[in-house]
Amino acid sequence: MSSIHAHTVLIVAAILFVLGLAGALIRRNVIFMLLSIEIMLNAAGLAFVVAGARWQQPDGQIMYLFILAMAAAEVSVALALVLQIHHQHKTLDIEQLKELKD
Amino acid sequence: MILIWMICILLSGGILCWLTAQRLPLLAKWIALLTVIADMLIACWLFRVYEAFPDNTSWFINYQANWIPSVGISFHVALDGFSHLLLLLTFFLGILSVLCSWKEVREKTGFYFFCLLWSLAGISGVFIAMDLFLFYFCWEIMLIPMFFLIVIWGDARRRYAAYKFFIFTQVGSLLMLLAILALYFIHGRQTGNYTFDYFGLLHTVTDGATAKWIMLGFLFAFAIKLPVVPFHNWLPDAHSEAPTAGSLLLAGLLLKTGAYGIIRFVLPFFPEASVSIAPWMIFLGVTGIIYGALLAFSQTDLKRLIAYTSVSHMGFVLVGIFSFSNIAMQGVVMQILTHGISTGALFVMAGMLKERLHTRDITQMGGLWTSMPALGGVAILFTMASAGLPALGNFIAEFFILLGAFAGNPVFSVIATLGLILSALYSLRMLQKVFMGQQTVTVPVKDISTREFIIMAALSISIVILGLFPQPVIDTVRHLSTIHPSIHE
Amino acid sequence: MPLLFYISSVIAILATIMVITRYSPVHALLYLVVSFLAIAVIFLSLGAPFAAALEVIIYAGAIMVLFLFVTMMLNLGKQTALQEKEWLQPKVWIGPSLMAFALLAEMIILLLRPESVAMPFAVVTPRQVSMSLYGEYIIAVELVGFLMMTGIVGAAHIGKHKKKNLHRFLQT
Amino acid sequence: MEQYLYLIPALPLIGFLVLSLAGKYLSRNFIAGIGAGSVCVSALITIILGVRFLQSPPGTVYTQLLWHWFLTGHLSADLSLRIDALSLIFICIITFIGALIHIYSIAFMRNDRDYARFFASMNLFVCAMLLLVMADNLVLLYLGWEGVGLCSYLLIGFWYETPANYRAANKAFVITRIGDTAMIIGLFLIFKELGTLYIPDILIQSTQHFNSGSATITLIALLLLSGGIGKSAQLPLQTWLPDAMAGPSPVSALIHAATMVTAGVYLISRMHTIFELSPLAMHVTAVIGAVTLFMAGCSAMVQTDIKRVLAYSTISQIGYMFLAMGVGAWSAAIFHFFTHAFFKALLFLAAGAVIETLHHEHNIFKMGGLRKEMPVIYYTFTIGAAALAALPLVTAGFFSKDQILWYAWSAGGGHPALWALALSGAFITAFYSTRLILVVFWGDMKTTPGHLPSGIMTVPLIILAFFSIAGGWIEWPHNLLHISLFSEQVQQVLPVTQLKPHLPEEIVFQLIAVVVSLFGIYTGYALYYRQSELMTLWRQSANVMTVRNFLLNGWRFDQLYDTLLVRPFLFITRINKSDVTDKLYTGIADIHLQLNKLFSFFQNGSLRWYVAGVLIGILFIITLQLLL
């Protein structure tokens, strides 16, 4: 039984990140974009944790913790905004919301 | 000191107009008129100073006060015959510009006259400033009120015209500022005396290449103002969109600051460099004469047409300056004066027509001579002046310039002379379209009123007098032949 | 342990793909929960039990529930799914996907460049994490505290329904 | 006397000022009084001056300095008047004929709305023309030169409401301006070479400064000649004069027949020294004159508009003057100017009376049978036409034209070819003069005449008719009576005509000329009165009609210039109306606008664009890292 290689995990993280990125690019619904952002944040957290595991240090997990906190704060604000936007404009389409920027 | 008073009268008169106009618009108009008349009287009174200087060669008045001594900026104004003539022209056209806006301006009267008077103050400042910093300062002062005049009281496309005017002139001004600073530092480094003073900088020794670049900086600003042909595009737009008084000031005075700048600064500061660039400038001048005339011929907008004739006439000025001939230099001064009067008169005429017909399009005019015989007569006089008919001032100017240029550059002079044919073409076309043919305008049009008659009479008399008795002008600017070492008979 | 890692990695990737391709927000959310759980298992296999626990509790638990609530509040149902279907045309997603894959390819190339290092399996215990967290990272923790508080205040403020300016006669 | 010289041009000038400034407040009689009176007083002063001049010793010159115009460096010009024999002849013609024409106009223009404007322009013209001939320097001469151009413009376009009129006015001004521009370049060249523009100095210094036939003097002479060509409507700048007939008939009589168009003759004879120094310029002058007289004569033969016949005839007669000057027969040229002024003014005024009576009918083929209806006009017109046709011994035209024909062969610059052209011109002149009389006054009446001209109009005609006959008697061919009052005066100023050696007898040439002109009269009589079959045959022949139309259109010079110059000019100005250099600046502005659009397209507020932008950036950086 061999051990896990660091870059294998990093590749997994990269795949997840890219998937999140692609999601953010192709979706027009704000909720889906937020979800994609969560995926990306998560992938970044994964990379930190791998790094921590690689050097046998707790710092990776601490960073993950910060990301988690940041994500929580971000999601709460973002979702509040989503609620407000939907309330006012009756749509979550980012393209339509763009037209309303002025 | 009297010179500073002249400017101060204009500046304070402008502020006074602004303050009174809200309650009493009529009073503001009278204040503006009296202010300029007061300056005109002072300028006339200055003739007395001449008597102390019978040789006509030196500076009559030279006044210097500290302004920002730490960087060598002083409030230095001086007057010689050339400046004095230009001051007289400034106040003369200033009076007329106030008169011709008497009825035209109906809104924001106070601010209008404020801008008008401040612009006049800037122009007169330019003509007497003997400190380069002060010169630049006045150069900008005359520009900004003019910008407001166009952008607030102009015609339909006034914003475009005003921005174009501002950007063009500002590009030139900034280059000139660079050149002034370069000259300032070079002079300071050489002598240890950092000064912006005209007479101090006059004998700055610069090597060829540097002198050339600094000269180009000055020349560029003046060439845009003059305007020299590839940089003339602001002029038709600004002239055609500006209110009548604005066009009058633009054509009559602002263009002349370019000519004044070249004569006063470029030639004495850079004697060698200006000789080396002279063929190109003459070429551009000739191009301007022909090209402006061709464009004037095809225009259908009356004020635009007149604006292009200015381009053509200013080409003569450029040719005259750079042919380094004494006769041509006198011709340039004559051209500056007579063009200011004749083109100013044409713009006033265009303004009168616009006031009556509400259009500047000459294809919609025609046959107006029948209902406006007096204006028709005046129009013939000034189109003929513009076409260089002898006995009117413009002829003397163009004759001198071409004759002076002929000795050194016969080919260019001959081509420039062909501009006389073209000037006949566009002048006659303008007369024909506006005054001849069947009357097409259905609205009843009145002939000129008393106020307009005064304006036109003043202009007509002065153009005829300049044509028949040019000698006083020639005597006054005789000393210009010493302004550059290459100027010959 | 590696086997566990590989299996959970595959599940995470597949679930994530499902997230970004679903039309219904609820489906996507559920797949995302699956993906997060799989990542939690990855953490576990990498010797980070604390992180794994947080992943499950906070991500899959709290945050996703937040999403779910919002989705339910907005009543995003079939209507939204149809709309999403309409939006998700190939011409819309092919370009970004290709770019994303290009990025992925480049990242993989970059990752494979250095000599690969096999990681020793050792658990970084929650204790170690906590010691470090409240030792050298104390400032960061406090900053995170600020962040969380502003997040709460902000969310509370933004999420508040603004009162409409009704005339007093119309107010009930 | 000298101190009153200024009155001669000043009186018409005062008339102009009064009429133009106060014209609309004055009554018609007062306007007429001022307009005609000022010129009449000038004429009186001139006559007194002329009598004094004849009494004074030969070579007398009257000068009067009014004021110094300008002086800068070497360049100086004064407003000063100078009268010698040559100027005096011109002044006499201008004021005397001018006065008669003004008197005629009092009645002719009576019903016109712009009575004051007419007299103002006419007075200004007389003033400018007088300045032209009295100038003692070329700048003042140029002032008069341009002044008469302006007045000609104003008077051709007097009835400015009709497009044809103001077009004719514009054409006249522009074409003469072309000549003027050449002339002013000549002035520059003279000043550059001699350093003066004072006419007597130029005449003296040019002989010392230049070798005969040098390139510079030839160039100067040709440039001055161009000025003369433009003003005098000679080839190739002749096209404006026929159109200039759009003006009122008195204007045609005064400006386009008697005075202004002969300004070229004055200029060349005034600058005769320069021309004498350049044989080439003399030849060119002669050839231009000969060719012009022939071509214009041909055109005159086929015109149907009575005034256009006279206009082409004027061009042709001035051609004779140029020919005479070109061969060196200066006094003959001036003499022809003298006689021509009388009979051509007479013809125009009579034609004006006919046109007025026939309700503005210009076409001669719609006239006819007026011999009985308007006898005074008929007889005076006939006298004028006879003078034009050079009817031997009784008319002034014979004496002057006979001299020119003789000198065209025999003078220093003469040539048989020139003589042949001039002789055929004489035939043509006699022919179309006869044609005019026969078609207009004989035959059947086609238009009923209206009011007959009043006495004010007929008296000037009678006076002019008298001079058209008697004017020639002051100069007889020396083999007949040997009276040479005229040439004696002229030769105080202009050189005596040099003859070639070994010439045939002069009487032979005179007889040939007489026969030719009589034959011309007979041909006209045969073709137009007896209605010969030849005429009807020609009318049906296509070829003849083509030639006729070609001549009718003045050898199609207008079409030629239209294609060569006018259309390209209009094309260039039209395509460049919006100023091509403006494209440069609008181009700069457009580039900035485009850049602005480009950047604002990226800055579009779409989050996904920004993400994509970030992605592209990352891709770019990583690719760079991979590649480098």
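Note that the chains are named A, B, C and D in the order they appear, and that numbering of residues resets to 1 at the start of each chain.
What we mean here is this: a residue touches a chain if its C-beta (ideal position, glycine included) is under 8 Å from a C-beta of that chain, and two chains touch if they have at least 3 such contacts.
Nothing here was measured: the structure is a model prediction, and the numbers come from that model.
Undergrad: If I average the CA coordinates per chain, which chain comes out farthest from chain D?
TA: Measuring from the centre of chain D, the most distant chain centre belongs to C.
Undergrad: Contact counts by the stated rule: is the higher one at A-C or B-D?
TA: Top pair by contacting C-beta pairs is A-C.
Undergrad: Counting in whole Å, what is the centre-to-centre distance of chain B and chain C, each centre being its mean C-alpha position?
TA: 73
Undergrad: Where the CA atoms of chain A average out and where those of chain C average out, how many Å apart are those spots?
TA: It comes to 5 Å between the two C-alpha centres.
Undergrad: CA centre of chain A versus CA centre of chain B: separation in Å?
TA: Inter-chain centre distance comes to 68 Å.
Undergrad: Can you compute the centre-to-centre distance for chain B and chain D, using the mean CA position of each chain? Integer Å is fine.
TA: Taking the mean C-alpha position of each chain, the two centres sit 39 Å apart.
Undergrad: Please list all residues of chain A that touch 2 or more other chains.
TA: 21, 25, 28
Undergrad: Specify, in ascending order, the residues of chain D that touch 2 or more different other chains.
TA: Answer for chain D, listing residues that touch two or more other chains: 612, 615.
Undergrad: Any chance you could list the residues of chain B touching two or more other chains?
TA: In chain B, nothing touches at least two other chains.
Undergrad: Could you classify the connectivity of these chains, where an edge means two chains touch, as line, ring, star, complete or other?
TA: other
Undergrad: Throw together a list of every chain pair that touches.
TA: Listed in label order, the chain pairs in contact are A-C, A-D, B-D, C-D.
Undergrad: Touching chain B in the complex: which residues of chain D?
TA: Against chain B, chain D makes touches at 20, 24, 67-75, 79, 114, 117, 139, 142-143, 146-147, 150, 153-154, 157, 160-161, 163, 166, 169-170, 173-174, 177-178, 180-181, 184-185, 187-189, 191-192, 572-574, 576-577, 579, 581-582, 584-585.
Undergrad: Which bits of chain C are touching chain D when the two form their complex?
TA: Residues 96, 99-100, 102-103, 106-107, 109-110 of chain C touch chain D in their complex.
Undergrad: Going by the contact rule at the top, pick out the chain A residues touching chain D in the complex.
TA: 21, 24-25, 28, 33, 94-95, 98, 101
Undergrad: Of all residues in chain B, which touch chain D in the complex?
TA: The touching residues are 164, 229-230, 232-233, 236, 294-295, 297-300, 326-327, 330, 367, 369-370, 373, 377, 380, 384, 389-391, 395-396, 399-400, 402-403, 406-407, 410, 413-414, 417-418, 420-421, 424-425, 428-429, 432, 435-439, 468-471, 474, 478, 489.
Undergrad: Which residues, counting only chain D, touch chain C once they are in their complex?
TA: Those residues of chain D that touch chain C are 612, 615-616, 618-619, 622-623, 625-626.
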